[in-house]
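So that you can tell them apart, the chains are marked A, B and C in the order they are listed, and the count of residues begins at 1 in each.
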Amino acid sequence: MSIALTVTNYVGIVAFAVSGSIKAIRKGMDLLGIVVLGFTTALGGGIISNIILGIHPPINLTYLPYPLTAISASLATFIFYKAFSNAGKPLMYADAVGLGAFSASGASLAYSVSHNPLLVVLVGSITAVGGGVIRDLLSNEVPVILTREFYASAAILGSLVYFLLRFIGVNDASAALASMTVTIILRFMALRLKWELPRRVINEGIAKA
Amino acid sequence: MSIALTVTNYVGIVAFAVSGSIKAIRKGMDLLGIVVLGFTTALGGGIISNIILGIHPPINLTYLPYPLTAISASLATFIFYKAFSNAGKPLMYADAVGLGAFSASGASLAYSVSHNPLLVVLVGSITAVGGGVIRDLLSNEVPVILTREFYASAAILGSLVYFLLRFIGVNDASAALASMTVTIILRFMALRLKWELPRRVINEGIAKA
Amino acid sequence: MSIALTVTNYVGIVAFAVSGSIKAIRKGMDLLGIVVLGFTTALGGGIISNIILGIHPPINLTYLPYPLTAISASLATFIFYKAFSNAGKPLMYADAVGLGAFSASGASLAYSVSHNPLLVVLVGSITAVGGGVIRDLLSNEVPVILTREFYASAAILGSLVYFLLRFIGVNDASAALASMTVTIILRFMALRLKWELPRRVINEGIAKA
């Protein structure tokens, strides 16, 4: 992993763990719930990806710096909740950086197992958004990525960029860096411009795309 | 896979994807949510089964015709929602065909890994109903198979038929065809005759089997 | 597995299956839902652990006495619901015995795959509490272990004891027995003394640790 991807990866682990812990606190969970939600939001996507690819045991459970970072960030959120919950905007951008780092490293890992385009795109995206889905399921909510904003879509497009670059001969490090950059820029733009995907309104009996 | 099982398998992927997408639309999800729910309803059961059996990466993610069919059916549901949501009855019967195809192919795959009767029945059933369970969990609902109708039970009995036929020496293709037929007939009868499994009424303090 | 761990393991399967089936009955599920919730509460944690460790297919699905015990206990709960639902206290202590047995056997299994301390503690804990999390998710509730009581924490500490004892040279059987005993005692004390983990109160705008 290049230095850029390593650094952004840790930014992502911290941002994701904080988002999970904040959700746990708002749901009235206890300290265990706060750490579990921080942990799974940060590392759950990578764990699912490893299981899909047949990597046992998952790297996120054995390479200690990752879980220790996630647990520390969760405990910090528990202690400094007020400060963290007032940092909505910086956290959102840190989260976007993590989204890019996770999808790029997931796509890269999948590509090292198989050159199947769908697998690369799906594993990249699941690495990026799987943790957030687990966070929402454990909070007894419909996963937010399924209902609004342009979030998982950025990870899907970024993972696709990784695959296409490898396909035309670009090496892993450059493809990962470009993939990450694309995801982050797309997500930043989505936040700025309040991008939303189309949906169907059915309440009035009138369907609209 | 025999031609009959191949055809019914695609019928199942389409019917399951449509059921997932319709649920997503009714829950107010956006286009991504609609495709994700269609995809996971159609392919999630098979993915879980592959993970249980240790088949990495899951066939449903690498054999492209399956995911492409599921994604296309989800997009078609998004576009032609009105037509699809008025086709409740035909969809229900197509879904029953898929239930039979999925349980038979799941049981067959499990049998190729291990002749353990429980594993064959469970993997057959999970292949058939696992996607629907994921659909309901992502929709923040109690999985419908746990609460009413005779649905998973048809898949369990069909998978059992597969095991018993192999046990007495019948070959894979014939056992799968018979298993599928049994599941479909049971599910058709359940729909017609409104079969329900027993439950316990506890509100009045009186338990009834 | 020592005789003590074997016996307590079956106590746990029964207690966990009963807890899952009772929850299913209270949620108004039908007979299938009752058996599925009993089954997954009892065996789901071990299945997840096996998948994390790369043990295919999971032991809980292939070693027939385990699933048959879970299914029998679920059916017994269906039939004798009234008696079981009046046995809250004995069941709670049987559940604590299971918590100890499951975490010890999970930690022992993980240690046989890798000596990574975090993996051993996490797999031990997931073996013990994973089934209850699945039970609550299938019931459309926030997992109770995330919100109150000192439950998963007992399994975490017990799993840690297993690792530390192995680390200083104690053999598997003794370490497992000690680990189980620690978990059970901690859980018994937590029940008696109504231990709770700290949480943050945020409604009044005042955070308190």
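Keep in mind that, in the parts below, contacts are C-beta pairs under 8 Å (C-beta built on N, C-alpha and C of every residue); 3 or more make two chains touch, one makes a residue touch a chain.
This one's a predicted model, so the numbers in the text were calculated from it and none came from an experiment.
Q: Tell me the angle, as a multiple of 5 degrees, of the rotation that maps chain B onto chain C over the C-alpha atoms.
A: Angle of rotation between the two copies: 120 degrees.
Q: Check the residue numbers that chain A and chain B use where they touch, and answer same if over half are used by both copies, otherwise different.
A: Under half shared, hence different.
Q: With chain centres defined as C-alpha means, what is the inter-centre distance between chain A and chain B in Å?
A: About 29 Å separates the centre of chain A from that of chain B.
Q: For chain A, give me the residues that contact two or more of the other chains.
A: Counting only residues that touch two or more other chains, chain A contributes 51, 54, 137, 140.
Q: Which part of chain C faces chain A closely enough to touch in the complex?
A: Chain C reaches chain A through residues 51-54, 113-114, 116, 118-119, 122-123, 133, 137, 140-143, 145-148, 152-153, 196-200, 202, 207, 209.
Q: Any idea which chain C residues touch chain B in the complex?
A: Residue list for chain C touching chain B: 24-34, 36-37, 47, 51, 54, 56-58, 61-62, 64, 67, 78-79, 81-82, 85, 137-140.
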